[in-house]
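These notes open a run of structures that come right after.
Look for subunit A in each of the two complexes below; its partner is subunit B in the first and subunit C in the second.
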Partner chain A sequence: MTYLGDVFALARKDLLLELRSRDTVPAMLLFVVSTLVVFHFALPSEASATAETGLLWVALLFTALLGLVRAFVAEREERVLDGLVLAPCDRSAIWLGKVIGVVAFLVAAEVVALPAYALFFRPVGWELVAAVALADLGLAAVGTLLAAMAAAGRARELLLPVLFLPLVIPIVVGGVGASATDDPGRYLAFLGLYDAVFAILSWASFEYVVTE
Partner chain B sequence: MSTSLRNNEHVVLAAAAGCLLLAGTSLAFYWVPNAPVEGFRQRIFYFHVPIALTAYACFGWAAWKALRLLWTRERRYDLESYTAVHMGVIFGILTLVTGSIWARTSWGHWWVWGSRQLVLFLVLFLFYAAYFMLRYSVEPGPRRANMSAVYTLFGVALIPISFLAIRLAEDLVHPVVFTHDVQNRLTGSQLLTFLVCLAGMLALAGSLYANELTGKRLDARLRELREALQ
Partner chain C sequence: MITARRLGRDFGLKRVLRDVDFEVPHGGFLLVTGPNGSGKSTLLSLCAGLLAPTAGELAVEADRGEIGYLAHEPLVYRELTALENLDLYGRLYRVPERRERIGMLLERFGLWEARRERVASLSRGTAQRLALCRALLHDPRLLLLDEPYSGLDHAGARLLDDELDSLVGERTFVVATHAPQRVEALATAALSLA
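After this line comes the complex of A and B, so read on.
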């Protein structure tokens, strides 16, 4: 099989598993909508646009975290990862397949979250959609690598947020900047730069995380 | 791979660190004239900035050792990279403390979100504190060494990206009210004092690094011997 064939086979496996078990995505959808409702009550009624956008980004970040914590559960509990590492494919294909799966979950959550945000708070512009799309790539790229690391640790569910949040602070800066200022171009370019740097780093280093 | 504490190089390095820091402190307090705007309190610059640069040097050194580990797969680099991160975090905390003191004396607040260096060091502190969490929660072995190395390499990518992010965020939420702007008008005597202090801090970090590494190697060796005896 070619490299891309491996990647798509792995991504297809994740999506099929989710379609059959429906473990993660419904929880992410419910979580993001309930978070938005909580934020409505946490914010004062005359809150500024920046505050509301900021809270949307916090909600998206924690939703992504929820999905990522689940990302390697099957691999860990059923010892799939050992099999995948033994399989005659490039190890980075495992990462890329997982990233495609995570991005699909995130997009599914945001298809609900953004209309909900538009309904509860304020209309959603093209900048916000573009920023969310770019942020998804970065969150999935970094998050998948860190989730694979955390899966090897003892306190996995605790370890992942601690590893993940400091690394994605730049995504929040870029996302809030792109959706709350008059000049979104700079912030979108920054998000693109972040995606490129960390996607390449994660792609190149995933092999070391799953092998000895 | 020396594990002896009676190591001449260590003693020389420690002595050099002591002399340089003593010289730097006396220069900073007795020789350099008061800065025109900030006055006496500007002298913390000779400690704060060298400490910050030393922390960067430690993180850079850790990343270099991490790269060597992934490249050569030699296990000793794991301990060296870990020790360098350890030193980097210590100097990072000192940067936060001295920066906080400077912010307090200059602007009246212990914490200022407008100061880029401080915010960057806070992000880095959180990031590298998580590094220790990672190490303590994974079983020791080659896989942990690999993971720590990958995480350390992410750190050097995060430094410039975060710096850029903080600059962008300043334009967004916090208008730049305060700038240190000290570096732009360093006079000869200020530059000399700064360089002496920087050399002193670097020597101190190197000396602490060498000592800590010796200790950790002794520890590892002792564990090996104990296991062999059992």
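After this line comes the complex of A and C, so read on.
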């Protein structure tokens, strides 16, 4: 219960910070909608469903990256991470609390992005919604670990995309597969497996990332 | 409580600390002085466990929850209020009777009126008082204070004097400062870094 209490307190803090500063979610919303608008005009009218779905996933991936770049800004600004790391709580709670915050920001962006996709391209099916939900967990799990890693470095704006994008290629493969093929179950299971494996790895290795 | 033998720390090719030896017994007060860039803050970060030595040995007989660490930065969220910051730290540091302890510290450091103000709107001195509250919140056995008087006005400095007076001997201190005259009467040992 104490562990979950710590996680809840840390996640609540991230949501409160965003409600007050409003500098991450509005940027993510603006980015994802404008990207879909650009894709709408850039893509030929006879484009395939796979191409359209692929572009949605590209938009979602870069929106997630935008949010992750800012994930540890508040901690970095005043070296708050040092204070959190010194606390006697399990350090993985810091990661899990941040993951919950990142997932909340992604969901907020997708609540707008998916209807926009339906408006500009094609209707959104349950497979796409399920794939996006599973992808959010994987993106947040891996992205939060890498964002913490990048926050400690000097070239953090360069480091995060360089580390993040190759690691989330399986999410794009699973996401596009689940939303544009006749066998979504197989790809959804693949996304679920990815989430489980990378969530466990990230949870277990976070302590080593935030300590020297 | 703290023993350092030939302690060293490099950042890349730059050697910040070299062959530092000291010992601080339980209840001791080590005063650390030295010019800018001499490694005072690095030494405190090493004692806190935030950095690892690159040479020598350092033994600190305190778990991380028993360390009160005051850095140059207040280590608090700028967009949260003083009360919200202390409440978060109080929870993470397992402070018993958290609300009472926070209320008592806010009163003692003259922050009660400012408790619902965001840190971003606080003056440098008020933020330093908040940082002191944060460092003392969990009643730590070992206090690592980096320039504790920085930004404090006369009244704030007097409050800190009183707090140190009441804790000295019961707690172990490592204090790095450019103004040693303020605390040298309390010090049981001194370390001058070149």
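Here is the rule we go by: the second predicted complex is superposed on the first by the 211 of 212 C-alpha atoms of A that agree within 3 Å, B and C clash if a C-alpha of one lies under 4 Å from a C-alpha of the other, contacts with A are read in each partner's own complex, and residues count from 1 in each chain.
Just so we're on the same page, a residue touches a chain if its C-beta (ideal position, glycine included) is under 8 Å from a C-beta of that chain, and two chains touch if they have at least 3 such contacts.
Just so it is clear, the structure is predicted and the values come from calculations on it, not from any experiment.
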Requested in this report: Mind checking the superposed model to see whether subunit B and subunit C fit together on subunit A or clash?
Outcome: fit
Query - Partner chain(s) touched by A:E212 [first = subunit B, second = subunit C, both, neither] - result: both
Report task. Scan A:I169 for contacts with subunit B and subunit C and give back first, second, both or neither. Result -> first
Requested in this report: Have a look at where A:G83 lands relative to subunit B and subunit C in the superposition and call it first, second, both or neither.
Outcome: second
Requested in this report: Return first, second, both or neither, reflecting whether A:A9 touches subunit B, subunit C, both chains, or no partner chain.
Outcome: second
Query raised in the report: Which partner, subunit B or subunit C, is in contact with more residues of subunit A?
Result: B
Query raised in the report: Should A:L17 be classified as contacting the first partner (subunit B), the second (subunit C), both, or neither?
Result: second
Query raised in the report: With the two structures laid over each other on chain A, which partner does A:A74 touch: subunit B (first), subunit C (second), both, or neither?
Result: second
Query raised in the report: With the two structures laid over each other on chain A, which partner does A:S92 touch: subunit B (first), subunit C (second), both, or neither?
Result: neither
Requested in this report: Would you please give the vertex angle at the Cα centre of subunit A, with arms pointing to the Cα centres of subunit B and subunit C, as a multiple of 10°?
Outcome: 90
Requested in this report: Rounded to the nearest Å, state the minimum C-alpha distance from subunit B to subunit C in the superposed three-chain model.
Outcome: 6
**Report entry** subunit A positions touched by subunit B in one structure and by subunit C in the second
**Finding:** 211-212
**Report entry** Contacting residues of subunit B [partner subunit A, same complex]
**Finding:** 70, 123, 126-127, 130, 133-134, 137-139, 141-144, 146-147, 149-151, 153-154, 157-158, 161-162, 164-166, 168-169, 172-173
Query - Residue ranges of subunit C touching subunit A (in the complex, touch as defined) - result: 48-52, 63-65, 67, 69, 71, 73-80, 84, 88-89, 91-94, 118, 134
Report summary line: Per the touch rule above, subunit A residues touching subunit B in the complex are 50, 145, 149, 152-155, 159, 162-163, 165-167, 169-170, 173-174, 176-177, 180-181, 186-187, 190, 193-194, 197-198, 201, 205, 208-209, 211-212
Query raised in the report: Which positions of subunit A touch subunit C when the two form their complex?
Result: 2, 5-6, 9-10, 13, 16-17, 20-21, 74, 77-80, 82-89, 211-212
